[in-house]
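Following are the structures in question.
Below are two complexes that have subunit A in common, paired first with subunit B and then with subunit C.
And now, the complex of A and B:
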């Protein structure tokens, strides 16, 4: 009996090893990265955020975001443009990011009341994006080379990948575990753990929709497991491949909203 | 032996998978059925169109402040106003228009008559312009507008658009440092560089410290009488382009000094000498921060007659700055600025800004200090603001001038130290 159990277990282990070897972890994370951040070469969406702090108080944000991939063939540098609609005190504030894989991002903020284009030092991508529980990196993507990846499990519907930072001193977590949908390759859940294995932060996709032929997470939540706050994020009015010219991502657009591409 | 190996392998495998699966709990729990009610309950914005052709927004603000010392020339209150900002924007097929005005009830103001140039009276008209693109690479903005360029942080070399120093020193929101100008702004976009040209048909001075509302040290302590240039225009130009991540610009200005810089003894009035400024700037990422450098040469015309004496020479102005996020949500910026004159003492200035955000960026603390190591004077701005919710913001702050001399750039204002508070409801 014992022998039988051991053999069965061994067999199932071997089988799972075999099926794991059918796809490498690099393929999984490359596809997941593409699905999460690089579908189509450009896109637009209106984003609503609801930020709930630990005391349960709520704040909201609404903005329209434009994205363009600079290298159309590989998942590399991208440009983002954001126009804030709400709350009222940030209305018409614009924000631009030139995301680089090989160096720090370039960021600009335009304050309409002062007509001021401010350049922002982007030394840390793991700081709150517009006061939410999402970090810059969660919105624009964390470089795949920043972590070592290990395929933990090949489930029926999901791949489970553990990622360990190459520079642990630069981040607040010890590792994170991502569950990736096998069909769409969208990361549906990401849990961040500290060195004691305690979960400190978690992302979860709440709704996936197919838009223009692309699967996309349209509603998600990021939870701060330590303080208890969370931010929900909803995407609407999504459009892919809207052939945005690169000139949209310049100082001109910061000062003068390129409405025709945003609407 | 084989069995032992098997067991070892199994233990190793189960160990890795189990630990992780214990941590990655509920891995099978598909797109969780987390209640969406929270979102729906709290006044969802729904499908409201963020790009409707007419947009209305603004705020209602009450702001009060007191002087921290007695000044026989001024009221005890430094500011006591109720302000209603209304912004109306409308997009037509081929152009946009914008109206932005502050309606102000201000009990400290000495003058209540409406004066759009100085911002006195019940209304401060901030913007009223039409904006359109006659060609793909040309933007035109015509009318009253607020303009800013250059790389300095509250230090301006090539930005000669009007400033409102009275608002700035009095504890109004920083946005009021920029006064509006009636201008035609043409922006041209080329492949190699871009060009902005701003023509202001009627010279527009700063809202400078003239003894009214804010005191300065002079022999008489009476409000300054100044003679504005007649029928003269201003021209500001900027040519700019980026080289990779480095943003560079060349500037030119032709007009008059924005604050008085001389005295007409015959007329017994302060004057604004004719001025040309030639400048350049660069701003680029450096190490983990942003570096900026700016330079300008200010050339004054020679006085028209002997009764006019200029208080300033031609001068070079130069600025070096660096900003970096030094800890989580804590940004520090330092600047060194110098004015170099041939026949007068140079003026050196350093600035330090520390800005800290906390509580989901709802609480913002800010320190900005100007200090002149050679004039031994300075100006400290402290501010704390808290967003109670998306619409309501509370703010307290202070403005403090220091230095022993009465003649220093900042120390001459030391009778104006103030403490203020504000409550602002945005819509």
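And now, the complex of A and C:
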């Protein structure tokens, strides 16, 4: 009897520790994906972007980004609206994305000087985001199903996940390694490697702030490890759950800026 | 001086063995001092053998044109490129078939990853991000109504011929790729492989070639590009040094053997030549000089000169020994007669080469100085080693020589009989000879005026060399493999800058806005920064201020508005400097490009205007009517923002700097000839004169093809100056040596005639006056005057024994003339092996050394005696 009790106790102990530590890699990346792209149902931020080339020359851009989740319950399709403020000659240029998990995203660009709305059809999501070192995919999120994920390390404060693309020919990297903060589940560092194991690109969160109860990366950098350039993004004037109506994210508002929601 | 030479010879004759021991030790010491630091790291204080085959280094590192070139390359992230042309003659669509495209894709992906660490731990190799290939370039096109698409030109290898054609269509539709990536006939593809530095191009080319060798199928891959040509040249150059130079030595040896019948006897000049070369090259390396294309030719220049004096001694000894029958006595006679001319020929030759130190081209300076050193060394070894060598020869071997010599009957040999007749002819027909020579000289002078100064490093290879073949194949099909860049910018003077800054300051201070006044006060009074830098600083300041106001606990709306307005005013000023967003400027560039094409000198030019027009076309109809520059700078900026949503936004910065203040046109030329580049420079100057650029923009050239023109200009000017300088110096020396201006002038005649005829022929046959040809003028000076000195010195010596020139001439045309003719033949024929060299500069040197010797010999043996006959009264006034 005593023996039995001890062993059950031991077993239950073991099981409880297992259930605490054995978070699956899917859980980690789902939570990380949520923390990085899906906090609250909508949001707004003003972004100051500084693109620095390998010679140290800087190009600055300022834009406001609006986001709205379509399905409020799951992390699925989203809509983004971007309005450029600076430099002056691209002022009022707008950019809109309808992100779809099941098919290719829709993207539009409005060029005010030409009064022209243009749909952008890219073969993949690894094109530059407005000339920066961030890819379009880095801003809108890479589909979780595009890669196989593997929990490399379970450190004191971070999870380290290695992700290997299912279609390696469609991307320029061989795999990437993400360090995810255990507390906020925000990805704090992502390094991209080539097939020889050389680091070619790296994302790093430089500052995390708690705004309206949400942890958010407010300053980040993407470094091109080959050419030596980098792009920094600073987020200001952040708002969450600002109840953006659906019509903000339409072709019509590309031309006619919904000023009300951008102030 | 003659005494020193005499003493040296006497010493050598007394201790012949020691002479050889010491010489061998000197040579060995130099060999070791080059080999040790080159193969091991032990002797780090010593200089290893370093090779530099970059014609760019014809100019020193801080030459303005090179500083500008480096600066521009950095500003526009430009790299030197290896070009691979792919041609497939077996398929009706050329390379546009699945199999060949598969190889091209494989090669591109392979090339992209070429990288390694060099000795200093630096990452070197291919710059993958800038690689131009179908797999790595962006296709921008219409994707249905209202849509523009950014896709890789060839993301997957097509599976059918029809799909392959789509790739061709897409590429040809984009002006940046048409003629550059895809050939004009749409059947070939060229890959442009940027590399971190030129000096790795041979290695990279080797790796690519290995990969290519593994491909099946009918496609041909041609590797070329200026960097490859230069690097391959270096490799081949060393093969040449190892093959041609020894071959020349062997041939010289064989001819001497033929003349003097005795192998042992003729070995001594060869030893002299070898030691002179070893010590000179040793000195060159030990003193830390690199082996450049020029310095690699030093051995070939030293050899004939080193052998020359030796042949005089041997020739004289060979003719006299049978009469005197004692080697010591014979040598004494020979040397006493030859000391003076030998020393003088050495000094004049050395002066001729040393004068190259006055040219503004470092490798030519090094070349000149070290050939001069080599010539002096050769003299030193000649007057010591050759007598010592003869002393060491057993009487028995000289006995044999005597017998053969007697048997050959010196005075009745073919050469002797010919020279005798020649001597008589120069006396009898002196006026006719001078008449003919004058006519030849006039004809040659005409040729002189036809000389085309031109060079092209690719043409340093013989026409059947892989590089030349690739060059031909590619330039027939594509826009061109020779790159030149035309940089456009506004360069205000320091005064103009300071005026603009003062004006800006005044404008800010005069405003009602406290923000602007505070910014105006931030501008210092003695401002060294440019207007553009000043604006950038002020803008950053304003931006920081705005953030401070926005984030302050108490929000001050008025202050914010004030600062926002100030920032806008500054941004407006800054935008005025962004010239290359201005449609007026872009249209001007497009006009310039059209003009460039019309000159016929440019295969194609690529610029920011092309990028703007192409994207403009694709955001509209995709048709030619929309291939235009939009009419506002905002529209230009927005078009470029669209372009930057591609996979390769960084390509934009090859054409314009991120502040849009400087731009750069990439020109592809089908010819790398300096004459074509020179021509283009003039045509572009004309364009700018006829069509003044908007915004006060000015233009500057850079790129390898342009640099070649600059150093060529310097070289030609420098060479001419150096030549004139040393010509005058040699004339003064001659007049001093013969203590007569007339004799001095006479001594310059064979040299002048040789130069005029050689360069006249170069002009007449249309051979380009290039680097090796230019350098040969010094050699002509050195060699042609040598023969004249020997001839005149000995003629004047002999004249003392005879009553008139007719009789003197007979004596001169015996032994002295034979020595000169043997020299001409030995050295002239000795350089024939260079004719089969695969490198053109070596062929040129071979042909011209032979031609110079022949001409100088003829000029000496015909013109001089004919002139002396005519001027006998004036020349021999005192002695007769």
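As a working rule, the second predicted complex is superposed on the first by the 242 of 263 C-alpha atoms of A that agree within 3 Å, B and C clash if a C-alpha of one lies under 4 Å from a C-alpha of the other, contacts with A are read in each partner's own complex, and residues count from 1 in each chain.
Here is the rule we use: contacts are C-beta pairs under 8 Å (C-beta built on N, C-alpha and C of every residue); 3 or more make two chains touch, one makes a residue touch a chain.
No experiment lies behind these values; they were computed from the predicted model shown.
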item: Clash or fit, subunit B versus subunit C on superposed subunit A; value: clash
item: Subunit B versus subunit C as contact partner of A:59, first or second or both or neither; value: both
item: Which of subunit B and subunit C A:199 touches, first, second, both or neither; value: first
item: Touching partner for A:226 - first (subunit B), second (subunit C), both, neither; value: second
item: Which partner reaches more residues of subunit A (counting touched residues only), subunit B or subunit C; value: B
item: Contacts of A:109 with subunit B and subunit C, given as first, second, both or neither; value: second
item: Contacts of A:131 with subunit B and subunit C, given as first, second, both or neither; value: both
item: Touched partner set for A:121, first subunit B, second subunit C, both or neither; value: both
item: Touching partner for A:93 - first (subunit B), second (subunit C), both, neither; value: second
item: Colliding region between subunit C and subunit B, picked from 182-190, 218-226, 254-262 or 326-334 after the shared-chain fit; value: 326-334
item: Overlap of the subunit B and subunit C footprints on subunit A, listed as residue numbers; value: 51, 53, 57-59, 86-89, 111, 113-114, 116-117, 119-123, 127-128, 130-132, 229, 236
item: Complex contacts: residues of subunit C adjacent to subunit A; value: 74-75, 77, 113, 128-129, 143-144, 146-152, 155-156, 547, 550, 568, 571-572, 575, 581, 619-620, 630, 632-639, 641-642, 644-650, 652-653, 657-659
item: Subunit A - residues contacting subunit B, complex; value: 6, 9-10, 13, 46, 48, 50-53, 57-60, 62, 64, 85-89, 91, 103-104, 106, 111, 113-117, 119-124, 127-128, 130-133, 152-153, 155, 157-158, 160, 162, 177, 179, 188-189, 191, 193, 197, 199, 204-208, 219, 221, 229, 232, 234, 236, 247, 251-252, 256, 259, 262-263
item: Subunit A residues touching subunit C - in the complex, by the definition given at the top; value: 51, 53-55, 57-59, 84, 86-90, 93, 109, 111-114, 116-123, 126-132, 136, 169-170, 194-196, 226-227, 229, 236
item: Subunit A-touching residues of subunit B, taken from the complex the two chains share; value: 3, 6-7, 9-10, 13, 16-17, 19-21, 23-24, 27-28, 30-32, 34, 36, 38-39, 42, 45, 47, 50-51, 55, 57-59, 91, 131, 139, 145-149, 174-175, 177-178, 187, 189, 194, 240, 245, 247, 283, 285, 288-290, 292, 323-325, 328-329, 331, 357, 359-362, 387, 389-391, 393, 424, 426-427
